[in-house]
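A, B, C, D, E and F are the chain letters, set down in written order, and residue numbers restart from 1 in every chain.
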Amino acid sequence: MKETIVVQNIERADEAVIQGLAECGVATIHEAQGRIGLLADYMTPIQQDRCVAGSALTISGAAGDNWMMHVAIEQAQPGDMLVFAPTSPSNHGFFGDLLATSAQVRGVVGLVIDGGVRDTRDLREMNFPVWSRYVHSQGTIKETVGSVNVPLVCAEALIHPGDVIVADDDGVVVVRREKAAEVLELSRARMAREEEKRVRLANGELGLDIYDMRPRLKKKGLKYV
Amino acid sequence: MKETIVVQNIERADEAVIQGLAECGVATIHEAQGRIGLLADYMTPIQQDRCVAGSALTISGAAGDNWMMHVAIEQAQPGDMLVFAPTSPSNHGFFGDLLATSAQVRGVVGLVIDGGVRDTRDLREMNFPVWSRYVHSQGTIKETVGSVNVPLVCAEALIHPGDVIVADDDGVVVVRREKAAEVLELSRARMAREEEKRVRLANGELGLDIYDMRPRLKKKGLKYV
Amino acid sequence: MKETIVVQNIERADEAVIQGLAECGVATIHEAQGRIGLLADYMTPIQQDRCVAGSALTISGAAGDNWMMHVAIEQAQPGDMLVFAPTSPSNHGFFGDLLATSAQVRGVVGLVIDGGVRDTRDLREMNFPVWSRYVHSQGTIKETVGSVNVPLVCAEALIHPGDVIVADDDGVVVVRREKAAEVLELSRARMAREEEKRVRLANGELGLDIYDMRPRLKKKGLKYV
Amino acid sequence: MKETIVVQNIERADEAVIQGLAECGVATIHEAQGRIGLLADYMTPIQQDRCVAGSALTISGAAGDNWMMHVAIEQAQPGDMLVFAPTSPSNHGFFGDLLATSAQVRGVVGLVIDGGVRDTRDLREMNFPVWSRYVHSQGTIKETVGSVNVPLVCAEALIHPGDVIVADDDGVVVVRREKAAEVLELSRARMAREEEKRVRLANGELGLDIYDMRPRLKKKGLKYV
Amino acid sequence: MKETIVVQNIERADEAVIQGLAECGVATIHEAQGRIGLLADYMTPIQQDRCVAGSALTISGAAGDNWMMHVAIEQAQPGDMLVFAPTSPSNHGFFGDLLATSAQVRGVVGLVIDGGVRDTRDLREMNFPVWSRYVHSQGTIKETVGSVNVPLVCAEALIHPGDVIVADDDGVVVVRREKAAEVLELSRARMAREEEKRVRLANGELGLDIYDMRPRLKKKGLKYV
Amino acid sequence: MKETIVVQNIERADEAVIQGLAECGVATIHEAQGRIGLLADYMTPIQQDRCVAGSALTISGAAGDNWMMHVAIEQAQPGDMLVFAPTSPSNHGFFGDLLATSAQVRGVVGLVIDGGVRDTRDLREMNFPVWSRYVHSQGTIKETVGSVNVPLVCAEALIHPGDVIVADDDGVVVVRREKAAEVLELSRARMAREEEKRVRLANGELGLDIYDMRPRLKKKGLKYV
């Protein structure tokens, strides 16, 4: 009853917006868009100190089966981020250096996978960033077809094809494509406000005063002894 | 019925003792004080190759609520280590670069948190060390008051304000303030003994002989075949 | 009823074969030998970008008891990899810088342990690689005898003494001693085939075409829309 | 930027269809609809031997905050199943005997919660079935507003308000409202086929023969020795 | 440096107070005393539908070592609840039917253990209630001495000897001995208030109205659509 | 390179011995054979108060693939216990009421599976006992062949075909076929000794005295205060 399809044409967000979001980072974007869109905390980078943004090329495949990765790469456009979610939990290594080579040729900027990855040393050397749930060499089969560019749940978050994915050392966040420009604006505004506060805090002012917290703390019953 | 208080004056251990402990490392101190005081193994550093010691400035706050962080920083003195325990498990990012800026200005040496942290790349760049249970961008609210500088359980260990916290790549250990000087002495003695053993082992002697284990192994029934 | 023994003479694989396997890496070997032999995904390196191979010197000890480590080191020969499995789960730090010093003197190439390790910074500085389940300072006792060089289950994999252990950033794999030469040959053949594919993929060919997947995908009912 | 809303009018599936699905059970429905829609395996019943189906009344609330439960109950209609997902992981006891009393009065048939529940003994005595991730007494606050009857991700599955939720001893499955009648038909057909097979298997026939597996096993290389 | 001691005389709470608390249950007590004192959510009963209260007879022992259980039982008085915490995590079966026989003879009312238990079927038949982290048959040794009736951290909660432990299907809570009478009073008051609310809710009134939530929800921006 | 085979003739232990072991229970057997052979603590029964013993009919299959279950059942003889281990972790429901019907017809006494099971209510009604790692409805495929009656690692324990498996409320233990008679004798002797101790303990004697622990406790430095 379930269909398995490949959606070939999806809309993507504006490239400048995507790059702008990459400069804001996950925590800022998550705040700016109202504290939604974070993927689960178990999504971990295999590299350090990278922040990447791309358009979600979503891939739904069976546990332990990476066939749809190959199908997906054909659909990739420069600036895409592969987003893979198995239909049930699986620690298999769905992706390694060969797939990364193929993806990189087509301009794919990284991989977000609610499963396993392998050849991590090679991937770091190739400068191909990955956020995954597991690192494991366990091989996969190619028996069950799935879908490409359909909405899916990845690491507890709902992702539509063409949504903007931003990932850094703190994790991964998804921004709805239609909201990307607005979220960028809000994120930049937040960064500006934070920069201002950083200066004040660096000068020794306290958050208690900057945010005028003292009266409310008193009202809530906090006692100093 | 539960009080929420901020204890403003706490005793701290001698600064030289604290620095001495930082040079001993977690494993040595844990052994020297009788194998007590370790925090749970899930406490992980966001940086590598740092060993830091400080006086515990304890903070008890609600799950997903970082209000008391701001309250605590006002109480911080140079050499303090922030120790945060939520009153129930929470993976929220309670602490990021702004709080770190404020803490660093006041001489805080690091953070130990049985919860989440965010902006980890910034924190590494700021050279502000953190040991945490989670790395996650999830935002926090400021609705529930808690307490500062009260005894609390953090990562399964009981910590009193002013206790010495030592943290390195192997985890985190707490040393009772009243025992800190004694533990330092014991730790240094242990390090000296270990250094001596290291030389013997490096020269090819076996632990079996250095520790005279052979007779007891035989008595216990170990057979060589 | 259970015997505790130390087997003093075990067969080991050919040194050239072992070194050859170290150059293939875990994922390749796992594939080449039919997707068997991987240890559990929780086995994590304390260092980055190392691939090491050695002959398994197996050690079975009680939870929280590292006595048999000392017994084992006497049996070590250059090129051996220590493989420790507690008889029940234990996060204790069974191994640290002193044992590593002793092991390194005897030519041991690393440690694989389904338990905890400590002094990880020192171990990295000593260039002594470790793959472990936990990093934790918790001390161990020396009360219960176990066995050395007996077959055991470590991290869910069956390992015989003298088997070849290969470990890298993706995890750990065991190769039966009797099959090591054959597996090396298969691994090298696989690497050659992969290299060929990598060139084609880097030139823009698709996996879909290289592996001739399109007809089978169609047969399985995948629809492009 | 995030809206918090209560959608007051939602469509629900036909009551007879819902009751029909309750008689099919989770595993059958999951198969019949193409192996989709299962919630995560950590969703566990607090009672035994119950299979319940209802229309999803979805509730999105903050971690440790059960305010929206009260809001949701006003929207409940007989036959509804409460479906609660916190916006980030939380083991708090969001629901107990008082809320169950209120829900039961309005005809709510049960609760599915990706969080904690408490008063489980009372709930069993009240015959109010619950599937939860945690059982924990930890109290909740009422500070943050969320949403009722919006699409959400609960225990890794996407659920729309009005979808049919079926839960039994094996877990929880969601059926799209628009597909409910079709899935019921497919489920019943499957049950009929399974009943036929059960009779044959009970008579000693083998699955190998009923499903004609032998030729394919041979072709795949399985050897009998 | 760590002392191992047995404290022979401890104060206990009034028996009537303890029995009163057993009638209130864990969730009510946790609320009444200000949402403190809960043990971790992984503490699970081996039986169903029991609520038990007793005076904490605390036992600190090594991982995988149940020697101190025997020492502790000599100190038991009728109405005591054994509270065992290993000094590091351990899934061993520290307690079985023989120890339960001995404990029951002395009037011990149950066991709370942040470790493993075995012979669970026998324990249920003996009507000896247990709340544990694990059920596992793994045997223990008797090599390391620990302490009895010292303050300890059990399942993340600080427990003093003589504190009142209450445990039911929802988990375990500790009440400070000095506060037990007061907490009982508060718990009973809470139960009375809850009973009143239960009647109103059972009559169809909504929590939204009973707690006058509507104005505050509106102020927070909740929209009905 | 890996062979997939079905071994058709295996040796089994004596039926009377197997039944004798079922009367001893897991904890006793584990102790009697020297504290070896326990499966991991995550193996949980779906029923309560059953102790079952049988001859291991081992099954190795791919993650999410239950094809070999059908192959295995043809090899079953009365008194066999199915033992299934996936070649990598998998929470799929590999076994349900149809397979149980087929297995029960052939005299299979139960299932031990390091994976998932479904239709648990039906299985309880059929009186078919199961010990599993997961309960989950997720369906399986039939694409990859594995092996039947080969040695394998199941839930961290090495099991040979024909070994005796004993399972009860505390978990699962494996007894080597060749040792089964001896282990039964040792287990019965242990039970007799335990019965004697139970009487003494029930009469109020202390373990401290029965096991003569006082002198050794004193020597180890335990102080009574």
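Operating definition for what follows: a residue touches a chain if its C-beta (ideal position, glycine included) is under 8 Å from a C-beta of that chain, and two chains touch if they have at least 3 such contacts.
What you see is a predicted model; the values in this text were computed from it and never measured.
*Asks:* Which of these, B-C, B-E or A-F, gives back the A-B interface, meaning over half of its contact pairs coincide by residue number?
*Replies:* More than half of its contact pairs match A-B, so it is B-C.
*Asks:* If you average the CA atoms of subunit A and of subunit D, how far apart do the two points sit, in angstrom?
*Replies:* For subunit A versus subunit D, the centre distance works out to 28 Å.
*Asks:* Starting from the mean Cα coordinates of subunit A and subunit C, work out the distance between those two points in Å.
*Replies:* Spacing between the chain centres: roughly 31 Å.
*Asks:* Averaging over Cα atoms per chain, report the distance between subunit B and subunit D in Å.
*Replies:* 43
*Asks:* What whole-Å value do you get for the distance between subunit B and subunit F if each is reduced to the mean of its CA atoms?
*Replies:* 42
*Asks:* Note the residues in subunit B that touch 2 or more other chains, in rising order.
*Replies:* Counting only residues that touch two or more other chains, subunit B contributes 35, 38, 41, 88-89, 91, 138, 144.
*Asks:* Name the touching chain pairs, please: which are they?
*Replies:* A-B, A-C, A-D, A-F, B-C, B-D, B-E, C-E, C-F, D-E, D-F, E-F
*Asks:* Note which residues of subunit F are touching subunit D in the complex, please.
*Replies:* Residue list for subunit F touching subunit D: 3-8, 67, 69-71, 73-74, 91, 93, 96-99, 101-102, 105-106, 116, 118-121, 124, 134-139, 142, 144-145.
*Asks:* Applying the document's contact rule, which stretches of subunit B touch subunit E when the two form their complex?
*Replies:* Residues of subunit B touching subunit E: 1-2, 32-36, 38, 40-41, 87-89, 151, 153, 156-158, 179, 182-183, 186.
*Asks:* What does subunit B use to touch subunit C in their complex?
*Replies:* Residue positions touching the partner: 25-27, 30-31, 35, 38, 41, 48-49, 51, 168-171, 173, 194, 197-198, 201-204, 206-208, 211, 213, 217, 220-225.
*Asks:* Provide the residue numbers of subunit F that touch subunit A in the complex, in ascending order.
*Replies:* So the residues of subunit F in touch with subunit A come to 62-64, 88-92, 138, 141, 143-144.
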